[in-house]
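Sharing a structure, written as structure tokens. Questions coming.
Residue numbering begins at 1 within each chain, and the chains themselves are lettered A, B, C, D, E and F in the order written.
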């Protein structure tokens, strides 16, 4: 069990050895339990963020913590809406609380850098707040050695990759819910958990420029997906995964291992 | 005082008459008190969101509530960072609490629609959470008549307008902080509050694809602006203001006055 | 824009110069959006506390932050009750949170003294709690240089002034809601926002010596005012304003500028 | 044990019989554990509010719940300050929470009216908020039968009584901390718990018209009392107790038993 | 009043003398207001924990603070359930808040050790959390001198005592609610508050191995007691009280006065 | 993917079919990320509770939600203490919040029964509180059809099994942390994740009858285990797992499927 990157698998003594250098990096995948249409499993966001974290950790010599497997409420413009059966969510205070506790707990143990790898659009600001509150409580301000990074994996997809994955033009990240990106990644990483025969093709959802609450349910397609997964393929998934992992590794290595000018050493 | 669109100016009896139809719309501007470089005032976000709310309310026959004048913590990638002197912020729980209370209070008074008009990037998700919690407490779900809308005014800028305002290409909303959009709007709407002679020209900030906390202060330019305001003009501001107000009025009228199919009437 | 006392108008660099002495004072007006009868606008409390803050800041060389424009729930014995349409309130936790955040934010920026200038009776204890929690978090105890002051402007009205304003005897601060004090001040400071022809004369409300919840609505007069504004005049407003501003300036100068014995220097 | 007015003494079955009429009234004394000078015990506020509740309950046929024995932080202008050793306090959220829980618990059991009998100045607004939140959660608004009353016992002292107790003029409620009122009441009700030989005579404290935080400790007299207890006597205590209990009984009977017009029956 | 162990009875100056050694111990009884069948009063848990605290304090030279007289919600498997009339409870957040505030307040005053003496099964974990949060806020970690102890008095009953009190076999602590232990202790300590003629004999309740919410009311016996009090006696109460007090005194003296190896001195 | 019992694996449409009967049961495993000595992985509690949930769900036709993989702070008497490196915990409010949100979310989707299967001693009361708050918010009281069950798997070990697993006598559940029970179960269920060669034999820890905070670190054995795992075996694990699963299935079937008298049908 000593060779796993997953904290779940390590015993406490092996873990302490991993922290002994004072430079340990722990990645925390964050996802959701959320409807992703008829062709993808409810755990898609958690599954994907865990895969990215695992791949990055393997190459960086980092560790992967248990994922935050429930995310903030699905919003209609990015996830179809929290009213949809199968979508099981946390409110803001709970997600803030979980992130805040994990940051405090890991940094107090001697972890040098904590990295949240987000896979569910709606989580971002609540994770940010949890991190910020934790650092304030710990008295960690500019110039301190420990740090926390927060990222969503799709922010590392390059324009080149996008052009190859969406030859007809990229519809925008917000409606990439159960669409080509997630489906292709799942086809490459977890083919047994995708049912391409259940994909319903059709035009992308057209949603207002505002959020309306309570939601108007008719605005979400019956599938629960905001754009079609019809053009997905394992090859696209491989491309996406490879490029994003490369970029994540490059950026995290530059930032946390090589430590650029201006960054505490 | 009876003709003002601002609640602050109305007496309670005039206000009650305005609600008597059962169709009243109240817009709440949301901004921040945040550094906006050497050429724009700290109140820029609140000033602009209030202007948009006022213009829309005048044309729609709606009312404008007192603004939420303090916003969520400035993030380095969208506002330079919360460590910058002049930036005075609320934490997530407080902003959620204010939004939640206002929604409950206005809907309980008989307001039919509440519209948050946001002018500070970082606020969005916390306003969303406040709205959602309020509706849950009030027992307002799909099919209920009252509604709350949440929007950021820049989401209503069209590609055509963008192309005219940024002839050299649009740098992205996140780094539009103290840049051409805000400065042009201020030059058109509040010229006495802009000091174009203090604008510092230069390339846009290049920030990582992740958020790092605590911030690395060197990554924010000395001006506190993430992109240059050098190309700003009152004419661009007039164009932006006119187009955005037109689109806001059109969308809100369609949604709240004419009430499309699928929307509770 | 450099000469305004309002933070909203200052750019970040002008603001930082104002803080450079290490002795800066920031005043925060606190009010409400609350029914004030048929003759005064909903924003009366915020308007008046902002006027007092502005006048004091001008004479002391201090700054005025954006007001807290929404206050704690109106209580029947001091504001007619929170059930009255037009009264738009925050709960205790939200008001505590806003005050706590503002104190932390301003003191962290290097402001030496923060002064809350309150204009809504019900706010006081929640502001106090917010201040106290902020100082505890900041580790600021007796002997520290920074301080926060909390005051309600009516506590600075002297017996002499009271005798002139209420020749028939003073009915008590609690029922001074939409009465002679507030109306006279508005007539002097904002005459265009008062409608004296809509004043309804009559005896002061007689309310129990206890608070009852839920309220018995019949106990609040139809006007929503607890005492009559019939004897109001701009001259009384000028007297009140002048005397209170004089006393505020004297007390704050003694306390914060000249620093009496026993006070940290 | 069946004849006690104290819930602590009743068994559950006797208590249920007491509620069977549907008209039961439960009084909750609220006090503090707070320094009261060298001559009064730390429990003074709780002891006195419990005595008032007991006397009123005996005459009204009501019940007395366990007191809330810890109060909100002592403020310098009304209790000498929270920095004084012996003063053991709750923050706002905890006191709000306790009040909110007790209201919900008692009303859910079928108690018709809950009455908070307050004996510590600083508690009032936090009790109010706890009550208001509980009623909102329970869905109890105007017109509902159950009610909650909140009162401080000193608000029932009449001008006549005041004139007799303070022949030299009344110094004001705020600085009546360890002074003639509390000491006289203790001399009458709990003579064994007063040490008149330890009273330190002297002028009343003169405190600013604002609250300053952190406190300037020198502003509180060494005794911790804000006014002298030198003129106290058991006879004054008897007068105060008798008159206040009479008025409390009269007001509560009128309000809760006879139920005036406009009040739900 | 100087000789009481109860803080309620001490004046502030006597209390400060008691703290002057730097070694003071304050015990806080924690109970509930909870149905205890037809033969025991609602205050049983608070009464008993206060008796234990008083007896221990007398022998250790410690002090006893006001009890926390309301406890966490009664659970069906240990107290019959929170739905039973007479049971008046706090939620988790409120109890955590009270414990957290008391720890902070007492340690800030210079108390060396705080000991919570619990008498209500359901309270334990919430007290623990309140203590832990307080110590974190105070920055008190391993090696610091001040400490907080948390205990339930029944954990100090020895097997020998148990065998004597329950000659037919001990049914388990969880269903010891209104049973032989509590009733015997009350018969010994407060005989006037027990009605043995109202005891209903019968077999102990058999409850599931899980908690079910909402409760199935039929699973709680009509008496509200989970085991019969029929075998109770004052002699058993004296035995229990004597042995538990002896053990508490021994353990606390060893831990807090003599301070074993490994414990900060 | 349609045949998995894990929600993570189901697509939303398959999940909705599973809920269509109105009788669906969702089990939520709850564990911790906590040091378990040198021979067991940090994820032991989550791994075991997930195994129990999976086995029960398979036999009952129920579903298993994503586990709550982080638990409440490890306490010294049951888990060695929260100061031990590797132990990564949530505070009470966060765990309450997560449980509350999951209950609300699943019941709102139409799940009939939610069952928390706990594998970490310290979690229990916070899960209970989260469940209770959720049901209060949902208005679900006695007599309602939906229910939530809370259980710890070790409460289903029978005396017979105990006698076989601990032939030398059972040391008590509290110190069964990294001991024979957990190790045997892991040897049976996850042999590749146990390192029996790293087991350190020795006597069980002897801990005080109180909790002391801050912890005295010397009281926890260096291994972090409170009792020895030396007598563990896969055969004991198989016995434990088989008997507990049988009993869980029997009890849950009786309670939730056959629905005994007094239970809502």
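Assume contacts are C-beta pairs under 8 Å (C-beta built on N, C-alpha and C of every residue); 3 or more make two chains touch, one makes a residue touch a chain.
Owing to the predicted nature of the structure, the values given are computational and were not obtained by experimental measurement.
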| item | value |
| --- | --- |
| Any chain that touches chain D and chain A | none |
| Chain pair repeating A-F, as identified from D-E, A-B or C-D when over half of the contact pairs by residue number coincide | D-E |
| Comparison of B-C and C-D (more C-beta pairs in contact) | B-C |
| Chain whose Cα centroid lies at the greatest distance from that of chain F | C |
| Fitted rotation between chain B and its twin chain F in degrees, CA, nearest 5 | 120 |
| Chain of greatest Cα-centre distance to chain E | B |
| Residue-number overlap at the chain D/chain E interface, same or different (half cut) | same |
| Gap in Å, rounded to a whole number, between the CA centres of chain F and chain E | 28 |
| Between chain E and chain B, distance of the C-alpha-averaged centres to the nearest whole Å | 54 |
| Of all residues in chain F, the ones touching two or more other chains | 91, 93 |
| Order of the ring members, counted from chain C so that chain D is second | C, D, E, F, A, B |
| Chain F partner contacts - residues on chain E that touch it in the complex | 72-73, 75, 82-83, 91-93, 96, 115, 122, 124-126, 128-129, 131-133, 135, 140-144, 147-151, 155-156, 208-219, 247, 251, 255, 261-263 |
| Touching residues on chain B, where the partner in the complex is chain C | 1, 6-13, 15-16, 19, 33, 35-43, 46-47, 65-67, 69-70, 84-91, 93-94, 97-98, 100-102, 105-106, 109-110, 192-193, 195, 198, 224 |
